[in-house]
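Chain naming follows the written order as A, B, C, D and E, and within any one chain the residues start at number 1.
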Amino acid sequence: TSAAEEVRIAVAANFRATLDEIVTRFEQDTGHTVVVSSGSSGKLYAQIRNGAPFDVFFSADVTRPKLLEEEGFAVPGSRFTYAVGRLTLWHPGPAVIEGNEQSILLRSDVRHVAIANPKTAPYGAAAKEALQALGLWEQVQDRLVRGENIGQTFHFVFSQNAQLGFVALSQVLGPKVNGSGSRWDVPVHLYAPIRQQAVLLRSGQRQEVARAFLDYVKDVRSRNVIERFGYGLE
Amino acid sequence: MKRLDARFSIDYPGFHFDVAFTVPLEGTTAVFGSSGSGKTTLLRCIAGLIRVPSGFLQFDQAVWQDDAQGIFLPVEQRRVGVVFQEARLFPHLTVTQNLKYGMKRSNPSLRRIDFAHVSELLELESLFERRVSNLSGGEQQRVAIGRALLASPQLLLMDEPLAFLDQQRKKEILPFIQRLNRELRIPVLYVSHDLQEILPLANHVVLLKEGKVAATGSIQEVFSRLDLPGLVESNVVGAILETRIMEHEPQFGLTRVEFLGQSLFLPQQALPPGAPLRVQILSRDVSLVVGGPPATSSALNTLEATIVEVRNSPGDQYAVEVKLDVGCPLLAMITRKSFYQLRLRPGQKVHASFKAVALS
Amino acid sequence: MKRLDARFSIDYPGFHFDVAFTVPLEGTTAVFGSSGSGKTTLLRCIAGLIRVPSGFLQFDQAVWQDDAQGIFLPVEQRRVGVVFQEARLFPHLTVTQNLKYGMKRSNPSLRRIDFAHVSELLELESLFERRVSNLSGGEQQRVAIGRALLASPQLLLMDEPLAFLDQQRKKEILPFIQRLNRELRIPVLYVSHDLQEILPLANHVVLLKEGKVAATGSIQEVFSRLDLPGLVESNVVGAILETRIMEHEPQFGLTRVEFLGQSLFLPQQALPPGAPLRVQILSRDVSLVVGGPPATSSALNTLEATIVEVRNSPGDQYAVEVKLDVGCPLLAMITRKSFYQLRLRPGQKVHASFKAVALS
Amino acid sequence: MTVPDMDWSPLWLTMQLAGVTVIVLLLVGTPIAWWLAFTRSRFRTLVEAVVALPIVLPPTVLGFYLLTALGPHGLIGGAWKDLTGSALSFTFSGLVIASAFYSLPFVVQPLHGAFEAVGKKPLEAAWSLGASKLDAFFTVASPMAVRGYLSAVVLGFAHTLGEFGVVLMVGGNIPGVTKVLSIAIYDHVEVLEYTQAHFLSAVLLIFSFLVLTIVYTANRRLPIHVS
Amino acid sequence: MTVPDMDWSPLWLTMQLAGVTVIVLLLVGTPIAWWLAFTRSRFRTLVEAVVALPIVLPPTVLGFYLLTALGPHGLIGGAWKDLTGSALSFTFSGLVIASAFYSLPFVVQPLHGAFEAVGKKPLEAAWSLGASKLDAFFTVASPMAVRGYLSAVVLGFAHTLGEFGVVLMVGGNIPGVTKVLSIAIYDHVEVLEYTQAHFLSAVLLIFSFLVLTIVYTANRRLPIHVS
């Protein structure tokens, strides 16, 4: 391809670790440089609308890429689902969560259950949905603590301030935790799929490379990485 | 008699302070010494505002500081009223609030000084509601004096309290301080440069020079010493006589007092016959006359005197100081010319005359 | 002659300040008045530190303030040296830095006051490297005086600059200020309560009372007025005589001066024959003798005098003030008793005698 | 704009948190500032530096550490749990501690400056008039340091109002317990509810403006002024 | 713990940002504080309140508004773009403006207090000695207000170091341009890279501690001390 160029990518924080691995490979394969900025999807959205110099936006949801497309900030037709988040109920210690998920949420020694804020974070919305489907939403109300995003929610559990938490499977399978602790992967039928979409931005100056990167993400090798980090795919 | 016993020594860079003295706890003790001689430092030590490593201070029976025994009574328990050299009023309080600050904190049973009286004497009424920030220099000093007095201290430390006040006001305030001494038995340590201010007031003197005590004793002793050249203008003071009131001559506005069996006349005093009265004579107000009592003169008082000692004035190279004995020491300062014309010599009998207005 | 022309009025709550006067810009003008009479306020107006709504101030030809025309020269351009009542040294600078602060900012061609000289006179050398925060009260005042002088001002405003200094130091500093007047022609406005401080110094007096000018004029005029009871102790001053030196009598340590054709003797002076000399007499140092010159007395000087006016002393109810004419006004203060014994009456010829040491 | 249908409890909670935090800060900050102003100890500079340190960490990160410390296995939280039976994280008390920790320098610094400006002289005068050290502190030093207290209260209060990362982390955003106004506004911005965010921001600004104006006007009537 | 393989550019950028911001703040804050200390204007309390207002908003929210204002269509950004050709958002200059705006009260308040404590008297003395208003400010008022400047610098510097929401929002977390240390730490925490986060926090703390200790020790040698 053409000479080495730089491409700037804005990514939702939960996908950051996964993307880093893909980026490393992409850089090795193409010689281009990728500069990654991460943050909450809401912030990144506001920044893009205000002229942030990003070429590609990996959101944690569908809403914002769609809005950007409608508002003319994104290239129509470039939007696609790059990963589907999976929700898991997790505890950092072994052998705590075993099978009977419902009773553990209500056990008296479970003082706090962490979820992401259902209003602001897709994983939070999914956790709420799942709890409602299980008929537990009302009963766990007074034990819920809300992380502003899924990262914070994970800290609540990881630091054992909350005994249980609905976190992203990708966090548990990631390099930090490596699948340790005990968990119950929430069945996908209990919540609407957490589709994370990416979109090519209009303001981007380096559309060629950006497109190449998006294609790279769609490539099977990248899809393997994404799956390995605990995401589903469409 | 009650005494204040003090020993302090501090080493400041360039100033070594090392004093030890005892003064009676009665009346006023003047602290004298030129600028930078350690007067303020001494007052601060006594108040307990500086704690020197190895100091000792005993107030009557109470040991306030004894570093050998690890005793140090904190300032606020010493009941010393301090009038600082800079007034140090509280800027966030009104004049009244400043005045009452110490009063409120004093033991009611020990309050012996009347608020109304102090305010009137110091002419503070018109200032009561004022903030202190824009008081004039003298107004600040008056408030500071009032504030210290109203705390009913058992010892008053005054650091040039009247420096910014006019003669008229000084004449009103000084007798009041004197009365505090006499009637309420509140001893005062009084720093001043002004001899006229201190003479009617002081019973004792502590004379500081470069951080050391150069002389201490009763005011008569210290001021009749001829060996303190340049330290104080001791040669200004002729004598300080302790007299007793005999009778009043209202038609002339005079009071006759008795001094060692002899009569002296002064302007009429408000005190009753029999009362003690201190009389001062300035050495330059003394005239010497040889050969019989002088002709009718407006200098009313004449005492027979014997010349004790004669020497050149250390302060004025054309004057001669004559130490006389009139029953107590009396210094006269006369010009050399008179000295030669009158052919004065030790042992000679002369008449010393001085005007009644020269007594205060 | 150069003049300072001032008109200010301010309304503070409880204090109405309203002055208008003209004084010659030469020598020292004493600003007198009791505590709270507006002396500091006046100095601040002249320095330009308060801007009163409708003021006027002319310094020689230069209008410094004229609110009718919207003129107001800022402080820093007036070249006034101010010695504040509180020393106001800069706490972040050493003594030397304080002293040089104004000097560095003065126009080098206008600098006429020598750093070394000022430091020596004010005994500042040992303080040079000191921080000002723990200087004694008098040390601070000396530094403040030095600092103002070294800025080479064209007008000096001094607000009780020597209040914390001892007699000895005053005697050294005052003549220096006098020389600034005479030799460098720097006029001084000098606030003081101390008559002894101001008399050798002042040529003119502005007398303030409750914010108004009660009297202004030459010092002789103001102090021989008998109608200013209680305002100043004018009755203390007998006379201020402008004399001329005739000859020295070194064997007696005396100098003979001529006053209106008559001879007076004073302690020997350092000035050459022919030089003018100011001589002061205190009213209470004057003795009156009826019938011929008095017998040999140590009071050396005798002048023939005519009694002009007699009245009770406003300050002392048992004294009588006698205004005499000895070629110029001379006030004598004597006791009532003497007054009756000597049967004094206006028009009578008497001899006024006063001691040479009483002259300064 | 119509007033959005909203929950006022975060506002109330925010006021409580800011109020309690400021009180705690004054209680803790005053002795520290006093000590810093008057000590001659060699450790003064050290303590000064340590007090200022918390604010150099990003709030979320500080919150992260505080969360660990205040949690059931943490240094502080553990001890607290032994005492009271529950940990400090996700409680109002925990929020107060965290906020106080984070805003401490904003209170200590102005007080320190003010006490130093007051100096020893007025205190000496007060002592000599029979005031005990404590009495003199309350009746002389504090009122003379009023400008420092004003700064301390304003900075401490405002910073607690706006502080967000720490509170979010330690508080767990529990409605009615730890969900303060700043989080509510943040939430609205995150989910693109700009109208509500503007409205709440306006509420916070106007409220704060009123509080500040009242505080400053009250101060103008206080005695200590520039001449 | 081995030193994680890390990128030092955020540290350098952070120092630059904090340094430049403090300088800007002193330049802007000094006249405001001076005016507040000495004015008799009726608007004083108003201005005082307005200066303190920014900090009551959550940083992210304030950042959001600043982003809008500094963006290419914003009030400030638009004007800037007309002048220079590019907007302010996502640039270093934009970060400085945003940080300065957010930290202004931390600089103005201590200076205000310090100037008030200095008062007019020493200034009058300086003027009478021939110092112009500006001269007297630099040679008398500022050195006497050194304690206030110290607080201002420490609070301004530390707060800019730790400030995060505003910088994240306005800066966009662009490595090498606007990715400061606080954001880097935050990023590490977000992706659970605790080791790196601890390490960077330690770097930031130690560095700040050194800076603060040097500043405070330097101050001890300065002339203005409590007697």
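Here are a few things to note about the model shown:
Going forward, a contact is a pair of C-beta atoms (placed from the backbone, for glycine too) under 8 Å apart; a residue touches a chain by one contact, two chains touch by 3 or more.
For clarity, every value in this text was computed on a predicted model and none was experimentally measured.
Listed here as common contacts of chain B and chain E: C, D. Ranked by separation of Cα centres from chain C, the top chain is A.
With respect to chain E, maximal separation of chain centres occurs for B (centres as means of Cα atoms).
Between chain C and chain E the centroid-to-centroid distance comes to 56 Å (mean Cα coordinates, whole Å). Between the Cα centres of chain A and chain D there is a gap of 35 Å. In this assembly, the C-alpha centroid of chain A lies 90 Å from the C-alpha centroid of chain C.
Of all residues in chain A, those touching 2 or more other chains are 43, 46, 155, listed in ascending order. Shared interface positions of chain C, defined as residues touching 2 or more other chains, are 86, 134.
Counting partner chains per residue, chain E has residues 60, 64, 121, 189, 227 touching two or more of them.
By the definition given earlier, chain contacts exist for A-D, A-E, B-C, B-D, C-E, D-E. Taken together, the chain D residues at the contact with chain A in this complex read 60, 64, 67-68, 70-73, 86-87, 89-90, 168-169, 172-174, 183, 186-187, 189-192. Chain E makes touch with chain C in their complex at residues 121-122, 124-133, 135-136, 139-140, 143-144, 146, 222-225, 227.
Chain C makes touch with chain B in their complex at residues 12, 14, 33-36, 39-40, 85-86, 126, 130, 134, 136-139, 141-142, 159-160, 163-169, 193-195, 230, 233, 249, 252-254, 265, 267-268, 284-285, 287-290, 294-300, 316-319, 332-338, 340-342, 355-358. Of all residues in chain D, only 37-38, 44-46, 48-50, 52-53, 55-62, 64-65, 105-106, 109-110, 112-114, 116-117, 119-121, 147-148, 151, 154-155, 158-159, 161-165, 182-183, 185-186, 189, 197, 201, 204-205, 208-209, 212-213, 216-217, 220, 226-227 touch chain E in the complex they form.
Listing the residues of chain A that touch chain E in their complex gives 8, 10, 13, 16-17, 35-39, 43, 46-47, 50-54, 149, 151, 154-155, 158, 171, 174, 176-177.
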